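Structures for review follow.
One chain, chain A, links the two complexes that follow: it is found with chain B in the first and with chain C in the second.
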Partner chain A sequence: MFAYAVRRLLISIPVLLISTFLVFLMVSLSGDPLAELRARQPPPPESVLRAQAHELRLDQPLLERYWHWISGIPHGDFGPSVQNINIGHEILTRFGVTIRLVLLAVLLAAIIAGIVGVVSAARQYSPLDYTLTGIGFLFLAMPVFWFAILLKQLAVNFNLQTGRVIFYTIGDRSIETTGGLGAQIGDIVGHLILPTIVLAITSFASWSRFNRASMLEVLGSDYVRLARAKGLPRRHVLVRHALRTALAPMVTVMSLDFAAFFSGAIVTETVFQWHGMGDLLLTSIRLRDVYPVLAWLLIAGTAVILMNLIADLLYAVLDPRIRYA
Partner chain B sequence: MTGLGMVVGALALSLAMSACSGAATGTGAAGGGDTGAAKQIQGDANTVNNGPVKSGGSLTYVLEANVDNWNPLTPIGSTVQSMEAVSGVMPSVFVPQPDMQTMKLNTDLMVSATQTSTSPQTIVYKINPKAVWSDNTPISADEFSYLWKTQNAKDCPKCEVAYNAGYDQIKSVTGSDGGKTVTVVFDKPFAAWQTLFSFLMPAHIAATYGDIKTAAGLAQSFNHGFADKPPTWSGGPYTVKQFQANQAVIEAKNTSWYGQGPNLDQVIFRIITDATQEVPALQNNEVQAINPAPQVDLLNQLKQLQGVNYQLDQSFFWEHFEFNLNNPFLGQSPAGDALRQALFTAVDTQGIIDRTVGQMDSSIKPLNSHFFMPQQQGYQDNVGALGFGKADVAKAKQILQSAGYTGVGTKLVAPDGKPVPALRFVYTAGNQLRQTEGTLFASYAKPLGITVNVEPTDNLGASQVHQDSHYDYDIIVFAWVGSSFPAAINAPIYLSCPKGVTYCGNNIANYGNADVDKWLKDSVTNLDPAAVTTDLNNADKQISEDAVSLPLYQRPALFAYSSKYGGIRSNANYIGPTYNMAEWGLLASGS
Partner chain C sequence: MPSTQPEEDHGPRAVRVTPTRGVSARPAGQDREFTVEARSQGRLILRRFLRHKLAVASLVVFVAVVLFAFAGATLWHYSYDQLTPDISAPPSLRHPFGTDSTGIDLMAMVMRGTQRSLEIALFVALAATCVGTVYGAIAGYYRGVSDTLMMRFVDLVLTFPTIAVAAILGAQVGTSAGSWFFIGIILAALTWPIVARVVRGSVLSLREKEFIEAARALGARDRRIIFGHLVPNVMGPVIVSVTILVAAAILSETGLSFIGFGVRPPDTSLGLLVSQAQTAVSTRPWLFYFPGAFIILIVLSINFIGDGLRDAFDPTQTRVRS
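Showing the complex of A and B:
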């Protein structure tokens, strides 16, 4: 198993490099990083534009620029940026912000999706199943930004009605908080709650559908019928025998979604102004700032590879046939 | 009940309550118990919202982008967010006032600034003896000398300067009286001398970044020392206490401040990069002042808030259509002149306004001047007086026919027999207003027999100056920015280029007129304001007659703030509403 994991990781390295090269070409050829500066009023002098172009290596051939970037990474140099940022430091900070946003939401969504999927499958075509299915489709169909804005407005109205700011609509924390530990925790929770609900609800909807379908397939299989025929309690059959097997396909979906979240829950971050990975990607693409986009891609690509690997390893935990194969 | 259950319950309660009462009712977190919707504040631009304030409290002000560069005098740092973040830290000799024409002496910093001679032009600045930097080093002539040397393009050729008009005309900067008197002598007169010495920076701190007696040391301190990191020093009422990248700039009172105020203990600049999130944040009292680009939806949303004041004013940015005179059909020749004049005659400027910014602010009128804003002394309608922008298609056709054009109204053919090709109208990609303006322009040109293709550019600056034989546009729409001193900033747009070049300075259209050159050159050196106004209006009449560019309107500016605060108001100048941060405060009468 260990050798398998190492092999998978080694294969991923050239894939990652090729993808950085392709993205580098696409972003570099998509426009002029100095466009915003050129359009300033009054326009900046030509000497300043030349100096900026030199600083951003725009005066070098394309391949040379890529080589400079790739050879700088082992030394912790992720290249220059239009945004005047240290890209390595920026990525670390942004990643921390995104992780805080994503972890709780994913956990919450996974638990709710697991429960809803099992209940829906166990009571297929019952009023409860129809209700949960309806709710699932409702959230599945709902545009994330619209739901986020709606939730935000509801929370603001709630604050107005109570005369206290309980829910916050921007940022991951207040810029300055007064009071003790309780106040600090209250502030963090107050900022976390709305984006977490948005992310959790929208993820839960698709995951619960996967889980329901997977559960239904397993519940119809011979070994589950055998377990029932042997007189095992219903709960025991559902949880010990059916759910465990049904979780395997859901783990694949969750791991891919989780990796996508790592690279930034772009819409949620924008609406709630969490300046995480998604915000960095959007800003950098808007400014045609190629090196932060590449750094972002490295993190996002690594997250996908790692999460796929973790999913494979989890299969083994969930399915003994894979473990012993 | 679980935590999630409580939240869902609370939100359900909120939904039910808001369904019953409407979103704009109840006791506002942002408001102070006011009733009704947001209040539009109007009145004397310089004193509006001038209620008595008390000491203490804080205010959170929204910046729409991170502060990437802290030197507002560099091209990279000359952004709204940089200027606003440092305006309470870097003092200026004169401060542009909201009325768009007054430059007020900063009487905290200065005792006086007097022009003592006109030949050679000499200004004597007397600095407040109590004025010190936050480390108690006196503010002196050294700071004046530093700004001059970094921006005059002689002492420091590698200093990256955004706009150096005037500094390159100074002959000497001399300190006396222990550095508290500064005498500035000009080589060539500079009428807008009050715009000089804005955003003073400490010379003794500059010296820690490099030897400021050398060009390299000056460049290092100016381009990097003062630019790369937030200032740890201050010469203004506030000092940067903390900078959280992409989050906020926290400013606290400067304990060595020598002037009046400040009233607020703290001003927080909060970074919100999505303008649509600013109104909910204001409503939720997470921020107390926002300055977004106005949009119809955003304004309507804002009007619903209670406990909020807003100002919808006109800014210094003015949108216009500009022809590319490098196109032989549009060049300065009898046929080209007629074609441009006909097109401007057919355009309906008020119609354009009604279909774009007029939906936000019905008071916006055609600008009709290339130099002055209607709020400024000297303004007069030089464009509309010629019949341009009045949608007079019959007159436009007549202009073309008189000039020898044929196919008017069907397929226009120039007097020399060549068919007029389709013209390219270029606008900034993603700018809906400008796209609409392009579409309307095309519709105004069609009855004349001219096809106009409306195309976006994602690189406006490059398109403007890309003037080889494959130039990017025939007509372009964008905004120039005005100033309290219209001569210095506008002259480079219309001064003739040398022969053989396709553009120069800001004259991207490659326009030239000997009389205009004479008036403009005089306007930047003449020290008599009345003569400058006459020069500019003479030039404006000629430029209008030559139909090189058609001013459309002043772009509106929106500023909204919690009604609990006084002293805070809109300012369309480069320095923004933060021009008087020391005067901001919680209203003494507020709850």
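Showing the complex of A and C:
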């Protein structure tokens, strides 16, 4: 399995290179990063423009620029930026902010989807099943940003009513945190609750639908009937025998959706005004700042590939028939 | 079945099956005991779809929304860019959805926004389906190295986070008049692999079937087999994935407009309306709830239609615990 993981990672390197190259072309050809500088009144002297162009490597041909960027990465050099930031340092800080949101949301969505799928399948066509299915469809149709604003407003009203700040609605953490480590963790968790709920709730529905369908298939199979016939308790059969098998296809579906979580995180971060990767990406796109965009794609792409790999390995754990030789 | 028929009619002729498409065999007189109605595949699917009440209701809702957006906009006496003297008016008879802080009638804006969202979504569905179907059919039919390469490319496109890449591409669109068309192209370019995967999967199994072998034995060329025999037979899964695409495209488009890289002012879209209303949720809630409700209504009805179509095309998908 270790060899399989290594091989998978090696295969993903060219995929990442090609996708960063495509994005590099898109952003580089999309406009002039110096447009804002040129438009200034009074116009800056030609020498300043030329120095800036040199700084951003605009005087080099496209392919050379890309090569320059790629070869700098092993040394931790993610290229220059018009925003006067160290991209490597910046993106790592922001990655920490975003990944805790994404991972928690994936985990929460998976748990909700698992529970809802099992309950719906176990009580097929019961009022509970219809209610859960209805709720699932509703959230499936709900735009992330709309739900985020709605929840934010509810939290603001709730805070006003209780007179205490329980849910933080702005930022990824308070600007100044007082107190020890415990207070700081509490502060981060307080800021995390709402965005995590938003991201998880708007994503769990398709997974729970899928889990319900595969649970139904498994529950109709002979070995489950045998387990029941042996006299094993219903709960035991549901969780130990059926769920384990039913989870395997759901894990595949989940791994296809990981990229969507990064998309959802961009929107969620915008609503809650987080200084995460989404904020960096959108600012950089507006400024036609190519290197932070590339760094974003590289980091998000790597994260998605790693999550896919974990899902694949999990697949083998859930279904012992699958072994990666 | 009536069993009190004259005895001499109990023969093989009693059961009559007309192989003609969609034509039902009526009893030719009193001498038939019972008849079997032959239905074409299309009719069976239509019947199964019509039996799915939620899907039919959703279809009605969807058609109503389309009429509201396109026909309603021509009938309604306010336009989405027309300032009225009523500023920040709550919903009333004059302005059923209220007005915004500059006095523009929200219902007119919602109509316009729904038009944009639907146009983009339908364009995405059409373009992505055509490209994806042909691509997937070719990959699945030829298999081997070309299939591997083609599907690797599909995987590559699918690893892009849609909103991020669409924002990068959408940043250049600007405020040009045809911008919704570009947004459609961008979203189609990112979503066609979904169709390609579905089609390839079906074609892989279909190409081994006897009728394809027969076609090949009769000397049909590859092009004829792909477009004449394979593509028509994968239409079921394709139509279902179209509904998924339309729903996904509407959510992507509104999300994109929300973060500022989709439809831009002076034009409007449902996502843009929600974005403009996000600071006014508590003071002018109607600005926030109406556009959002329309997004949910459209996507919800399309999802239910898709569900009904899937059940109609493939009844085996509806699992009942044994």
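Quick notes on this one:
Following the convention adopted for this analysis, the second predicted complex is superposed on the first by the 293 of 325 C-alpha atoms of A that agree within 3 Å, B and C clash if a C-alpha of one lies under 4 Å from a C-alpha of the other, contacts with A are read in each partner's own complex, and residues count from 1 in each chain.
Criterion: a contact is a pair of C-beta atoms (placed from the backbone, for glycine too) under 8 Å apart; a residue touches a chain by one contact, two chains touch by 3 or more.
Since this is a predicted model, take the numbers as computed values, not measurements.
Of the two partner chains, chain B and chain C are each touched by A:Gln153.
Of the two partner chains placed by superposition, only chain C is touched by A:Leu281; chain B is not.
Look at A:Pro143: by the touch rule set out above, it reaches chain C but stays clear of chain B. Within the superposed three-chain model, A:Val271 lies in touch with chain B and with chain C [touch as defined at top].
Of the two partner chains, neither chain B nor chain C is touched by A:Pro320.
When both complexes are overlaid on chain A, the residue A:Gln52 reaches chain B alone and has no touch with chain C. Once the two complexes are laid over each other on the shared chain, residue contacts for A:Ala300 go to chain C alone; chain B is not touched.
When the two complexes are overlaid on their common chain A, residue A:Ile85 makes contact with chain B while staying clear of chain C.
Chain A uses residues 31, 153, 156-157, 270-271 to touch chain B in one structure and chain C in the other.
Of all residues in chain C, only 152, 155-156, 158-165, 167-169, 171-172, 247, 251, 254-255, 258-261, 271, 274-275, 278, 281-282, 288, 292, 295-297, 299-300, 303-304, 317, 319-322 touch chain A in the complex they form. The touching residues of chain A, when paired with chain B in their complex, are 31-32, 34-35, 37-45, 47-48, 51-52, 83-85, 90, 93, 108, 151-161, 163-171, 175-176, 193, 197, 270-273, 275, 279, 283. Every residue of chain B that touches chain A in the complex is listed here, in rising order: 4, 7, 10-11, 13-15, 17-18, 23, 26-29, 60, 66, 68-69, 75-76, 78, 158, 160-163, 228, 244-248, 250, 266, 268, 270-274, 277, 280-281, 283-287, 317, 428, 458-462, 464-465, 478-481, 489, 492, 506. Against chain C, in their complex, chain A makes its touches with residues 15, 18-19, 23, 26-27, 30-31, 121, 124, 137-138, 140-146, 149-150, 153, 156-157, 213, 216-217, 219-220, 256, 259-260, 262-264, 266-267, 270-271, 281-282, 285-286, 288, 293, 296-297, 300-301, 304-305.
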